[in-house]
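Right after this note come the structures.
Same chain, two partners: subunit A is paired with subunit B first, then with subunit C.
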Partner chain A sequence: MTIPTITNPSFNETFYASLQTPPTGERVRTCLQCGMCSGVCPFGYVMDFPPGRMIAALRSEIFDRVMKSDTVWMCVACYACTEVCPSGIPLTEKLMARAKEELILSGAVPAELQLALENSQRYGNVLGQSPRKRADWTKGIQATVPVFGKEKKSAEVLWYVGDYASYHPRVQTTSRAFAQVLNALGVDFAILGSDESGDGDSQRLAGERGLFEVLAAKNAQAFRKYKFGEIITTDPHAFNAIKNVYPTLGISFPVRHYTQFLAERLEQLKPLLKQPVNGKITFHDPCYLGRANNIYDEPRALLQAIPGAELVEMSHSGKTSLCCGGGGGGMWLEGFQWEKAHTRTSEWRVREAIASGATTLAVACPYEPPRFEDAVKTVREASGMEVRDVIELLVESMEQ
Partner chain B sequence: MGEKIGVYVCHCGSNIAGVVDVAGVAKWAEENLPNVRVARDYKFMCSSLGQEMIEKDIKDLGLTRVVVAACSPHLHEATFRNACKRAGLNPYLFEMVSIREQVSWVTKDKAIATEKAKALIAGGVKRVVYHQPLEPLFVDINPNVLVVGGGIAGIQAALEIADQGSHVYLVEREPSIGGHMAQFDKTFPTLDCAACILTPKMFTAGNHPNITLLTWSEVEKVDGFIGNFTVQIRQKARKVTAEKCTGCGVCEEKCPKKVIDTVFEAGMGTRKAIYTPFPQAVPKYPVIDVENCIYYQRGTCKACEKFCPTGAIDFDQKDEMMTVQVGNVILATGYELFDARRIPQYGYGRLANVVTNLEFERLSNTAGPTNGKIVLRDGVTAPQTVGIIHCVGSRDIKYNVDCSAICCMQSLKFAHLVKEKTGAKVYNFYIDIRTPGKTYDEFYRRILDEGVHFVRGKVAEVTDAPRFPGEEGKLIIQVEDTLAGRQLRVPVDMVVLSAAMQPRVDSKQVGQKFGISCSANGWFIERHPKLDPVATMTEGIFIAGVCQGPKDIPATVSQGAAAAARVLGLIGRKQVTLEPVRASINADQCSGCRICNNLCPFNAITFIEDRAVSDINPALCQGCGTCVSACPAGAITGSHFTNQQIMAQIEGVLLNFGNGHEPAEKLEQVPA
Partner chain C sequence: MNLVVPIKLVPDLVEELVIDASGARLDPDALRLKLNEFDDHAIEQAILLKEKGAGQVTVVAPDIEGVDDALFTAAAKGADRLIKLTGNWNNGVNNHALARVFANFVETLRPELILTGVQAHNDLDGAVGPQLAEHLGMPYVGYVSGVVVFDNKAQVRKEFPGGLIAEMDVVLPAVLGIQAAEKPPRYVPISKVRATMKTAKLETFPAAELETAGAPTTVRLFQPETGARATMLAGDADAVATRLVEIFREQGIL
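For the complex of A and B:
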């Protein structure tokens, strides 16, 4: 008879094993230690353990050292590392998110992030606003924005608005612009109003998978109450969650980003674009539209349809776009990240926009207008640079 | 039936015996399977002792059939057939059962593996009873050889064969032979000039009495089989009559139309609309590039014709088709370079001073567009700092998973050339330095000694967006120095991308034309990766050089010579034996429906009008079985794959099911 040995897998072992889930997780074993991930990471230079080194730590069984360092919170889930990894390892989704998850479990969470997560938990939105006021942005505006409810049970399009687009004063402008365009195109749509909750994607990539699942379930409940053809959103994070992650929870609805939706209706839209928008425009590819979902052409097609618009590209564009710094919890780690880096990627980005010769920086994600507008204020050479969501530029061109 | 069958179960060291209970299987076969006279297991059946064991049993026990359960027929069917033959048994009365590839290598569970081995062996035993003695077919070998691709691999192969007295048709798609090597400046590790060692070979190939050089040509169609291929070749119209042209070059000089040369000069230089790609080109006759020629675009010009002293220009020349008969074919179609634009992080195509390795070769070449001066795109400024990036498009599952095999050595060569010619500071960025081979590591040490900076890390990006003082106006290389564990930003003036060698875009189509296959990534597949690297699964078709996989010039030349040796061996035999596994039509049963006629991929079936039946030419038939299964009258039989044989084999495989032998619940667990 053999005596059974009780093996006690170390934290290192269990963590490593937890990454290796199919279909792509097991690729972590094939890391070449080439360092391309660490090199391309916007904050790799301040991380004690950028992705590649994290894998090296796993291999030499010293992952506890990674857990003792707080620099994992510098990850803004921008997918730059995932994009370049020659072994195709899902670094952003698996390695980085799992490491943050462990930090959250052990309570090592920066206070500002903690607050944001608590807000999401308590109010269903990260800004800590009253859920009842979710549709307040529609009040007193010209455009009509129907809300699903007793009177309206079905529509062609369910517009998923999202936290920032509902509550943030700067981003509300974008929402109003989108409403105007939907009206002008005669689209049959409705929003969920107070039935809507945050999409949870950034919380997930900040390591709060549980919270993400709760929010997803709440949204699923709301979606299932009404009849609609598809979901459209102005928020690439929500788009990513509903398109790629909700289905893994059994929540499957067709979803598109508004740039796809409008690019399809370009012929209908073009005659409405009458006012020239002068000056050069450069487009910042949001990480969750570009690298995470490979949508690069549609927003550019919309911009090019604007009379007078001249599109120029920044040094980092398309697949190499530089993160605004807001993803994966970055939105709620402003202070922490400033402490570590004393610089912000949004400032680098604004400098690139100036170097491209553009006077307008076009964006397509609700995180971006506030971030870039802040950066415009701090970068001296940038004064006068306009930050506009693509939809806002379309509306400017539509106005009489 | 009264057959006496010998069953031999191989251990293959521990390859099979580690998983299958070989002794148990042999014992079971002897006790349970019909007609089995003897069953044995042995450590290595393919060894001479193993083979002798079979031969002895045939003689002593009067075996009439033999079954060997071992590796795959691919590897050792011929070995055991020969053993049977030596002992006086017709080799086709033998059956091989694969219990390594199909059992022990793919099944971990010992009990299941053992049961599966039994089932397969039972199939073999049941089948072999119905085997019929067959006699091999003999065909003559046409001593002419076709070589496709005139790079160093094709040139080497052609010369070896031609020197032995056989005739070679050397088909090259470009206007000149030479391939990539002709574009290079120096070659590692000895740094001798590429042209100096290549040109004499090109010249010899171009003037060899036994070589018909067909440049600006492509193979259109191939019919036939080993020994007797019929090949149709398209000779594209050069618009220059070879017999009249003296290669004086006046036409080129007078031609008013300049074109950027994207092939030979890799976009770094220009040529004319009428051109020879480089001064030492073989043959020396130019071609007119009709897409760019002013006469073909606008109907006037003809400057070349006016100045040509021998009247060699012929604007009406048409493509010509020629048909040649050859016995063997060597494919040496080489590679192309990875398109570095696919990695936008490196800025190639957007940032002027990011160049590829091939562009660098042209820059560094004294016969190149800058006369060998290494300068920036402005054509005058010498770089003060140069970054060389290894592994561009190789070792990456998104592009080419393999190592390019030469890019480390080539990058080291570049580092040396930059230092020698410009005195610039040079950085090499690498994942791993791979310098296997005679004197290669010595070369690495030499470059280290020369003071080149080595940074271990795959470059993350090359950008023109400055972030820190001192970066303005430079190309900034951002990289994690994985040894020091820190991120670096290195400002440089020029970046050289060591782009991967990758299969030709048309490699799959070319392979299909010659009936050979490509690996998933597009390299031609050799018959055996270790033991038969230049043969293919199609008899009479050989491969050499980089078309088989990334390699350097010495390895390419070795393969060219090896392929030639294989072909010369066959020519020397004058005849080859072909597998007698062929289809035949029973004329009495054939209804003359002609369904099979067009199905045969080898055009082996003809219709005999007066008797209104179809008939198969056994020399052309490859025994693929397509017609056998298609014939609605069941008139076609594939020898060695008769219905009876196949049904008996299936019956044998299923023998054990449902009679209590098998661990049924276990078998059901095997995933589909």
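For the complex of A and C:
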């Protein structure tokens, strides 16, 4: 008997095969078609091919139809599907990101996303700001923020700041607060200043893998220039990239999210938290801290250490947290996604925060303060809701 | 059909512009250059024409820092030939000199259609396109936002102020100043640009002597100065906003 050999694999076949790489990729073949992924997906109802249906399309060899639909861009890489999939298929990282990658390779890139990617290519930051001004947020602030190569050659901690925390006016407030906390704890740290580039994780999950690799290589070069014990960051996307993906490119450095770093120093921090912060606080689990990296307790421990703070939970919390809508390119597809869905997940989330009885929505990701504050402006019943990074609440409590 | 796209790099306004010690030009060390946005549209339009079966695209640029990236990106989008003109570009170049250099070289390529950006933000002495057309003795149409080519002519859409659009025929060879390509310039993934860098060839040719005659001389370059009639509001955002509202009230606008 002769075994037939496939001489000319179709696009459908090559794409399907490209998903099945170890350690978990081959699980895609075990999809049960249960539909849980599509049901839990915040935008599953808008997508022509939510994850389960995309797999069905691959099996039916009609993947070209998936490529003709632009609703793949509704995926905000929130990990909700990956979390619930009973077959453990890496849907967010592999299936959805690869589908977006193919769309980018074919030239079908929504204009808003294109601008963000071009900015990252050219300036190393998605906001299209001058790379020379990356550390400008440290100017004229009280806290001391040493820069590697200038004030320090080595430090215990390398603070990877990230794009939004460096340039976005709202998020700079969080960065300044974090500098204050590090100063108060006497941490020996430094930032990379203009040596730093965007972490690239959301670009990767938006399908621009090559760009991610270029940015990772630039950061690796910067990391290798200096001596430090570990990297800490306020950005869960950067944390995820440096922790889980950079090592696959041979770039391995110990990294922690700031909530882990501070939770470890809770005993040192507690006596500094003097001012009560009254009112009910609810915590929004960022997708890349929670579902992608299983960090749920540390941010809550920090909030509970604040005198007067009463922590309440939203209907979706922890593993079931509802995405703010910013991941996987969502930050740069605002108009596109609005046109398709006429709603924002950040608005749903703010409604949940109100329903929880909270007056403060606490966050721990730089995408969130601007997104939720915008949502507070557009959801009528949300007026008066405060959006604060956990660090900002800590600093409020530290202030004399 | 032989499509030629002369491009230039211009200061990237994301960086601060610094005036050098002479007081008459920008400090080249503080500059970061980028492809002129309209030239990017000219490249896109040329590639769109190529994709419709209109032949090969050659992109020509002065050999200055940053140009390799611009050329490789053009190749990744579909340009066939990449040419750098080497010369003494260090002291900057005005459009009179640049148009002559382009004319001199581009003539050797025997172009049928030349597409270039209609303008650039640093054009002090007219745009490159019309000057190039004059040197080459070709017709010129500027503010073009759509091109169809027939045997020996091009039908172009030209934008006029006030939303008027004209459609006109131009006999080839001709020079077009592109305002906007029919589709926005496409995105090329980095992986594609990198692959192109390995395969595409950058050709270099010496540029003709820079001949600046006809161009104005910059005597002094300076930041906009505060005029006597302008009032600058100081203070934080709230204070400024409050004062602004007061002023609107005083002036009877509110």
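The definition used in the following text is that the second predicted complex is superposed on the first by the 392 of 400 C-alpha atoms of A that agree within 3 Å, B and C clash if a C-alpha of one lies under 4 Å from a C-alpha of the other, contacts with A are read in each partner's own complex, and residues count from 1 in each chain.
One rule holds for everything that comes next: a residue touches a chain if its C-beta (ideal position, glycine included) is under 8 Å from a C-beta of that chain, and two chains touch if they have at least 3 such contacts.
Bear in mind that the values here come from a model prediction, so they are computed numbers and not experimental data.
Chemist: Identify whether subunit B and subunit C fit side by side or clash on subunit A in the overlaid structures.
Modeler: When both complexes are placed onto subunit A, subunit B and subunit C end up side by side without any clash.
Chemist: Is A:Pro247 touching anything from subunit B or subunit C once the two structures are fitted on A? First, second, both or neither.
Modeler: A:Pro247 contacts neither subunit B nor subunit C.
Chemist: Classify the contacts of A:Trp348 with the two partner chains as first (subunit B alone), second (subunit C alone), both, or neither.
Modeler: Touch status of A:Trp348: first partner only.
Chemist: Using the superposed model, determine the angle subunit B, subunit A, subunit C defined by their C-alpha centres, to the nearest 10 degrees.
Modeler: 140
Chemist: Between subunit B and subunit C, which one contacts more residues of subunit A in the superposed model?
Modeler: After superposing on chain A, more of subunit A is contacted by B.
Chemist: Could you look at A:Gly335 and tell me whether it touches subunit B, subunit C, both or neither (first, second, both, neither)?
Modeler: In the superposition, A:Gly335 contacts neither subunit B nor subunit C.
Chemist: Return first, second, both or neither, reflecting whether A:His316 touches subunit B, subunit C, both chains, or no partner chain.
Modeler: Only subunit B; A:His316 stays clear of subunit C.
Chemist: Considering only touches as defined above, state whether A:Leu32 meets subunit B (first), subunit C (second), both or neither.
Modeler: So A:Leu32 only meets subunit B here.
Chemist: So, does A:Gly357 touch the first partner subunit B, the second partner subunit C, both, or neither?
Modeler: Neither: A:Gly357 stays clear of subunit B and subunit C.
Chemist: Please indicate which partner A:Gly52 is in contact with in the superposed arrangement: first for subunit B, second for subunit C, both, or neither.
Modeler: first
Chemist: In the superposed model, how near does subunit B get to subunit C, counting Cα atoms only, in Å?
Modeler: Between subunit B and subunit C, the shortest C-alpha distance works out to 33 Å.
Chemist: For the complex, give me every residue of subunit A touching subunit B.
Modeler: 32-41, 44-45, 50, 52-53, 84, 86-88, 314-316, 318-320, 348, 351-352, 355
Chemist: Going by the contact rule at the top, pick out the subunit C residues touching subunit A in the complex.
Modeler: 14-16, 34, 184, 186-187, 189-192, 194
Chemist: What does subunit B use to touch subunit A in their complex?
Modeler: 344-345, 391, 395-398, 431, 456-461, 463-465, 467, 478-482, 485-487
Chemist: Give every residue of subunit A touching subunit C within the complex, in rising order.
Modeler: Of all residues in subunit A, those touching subunit C are 104-105, 107, 109, 111, 114, 117-118, 121-123, 128-130, 132, 208-211, 213-214.
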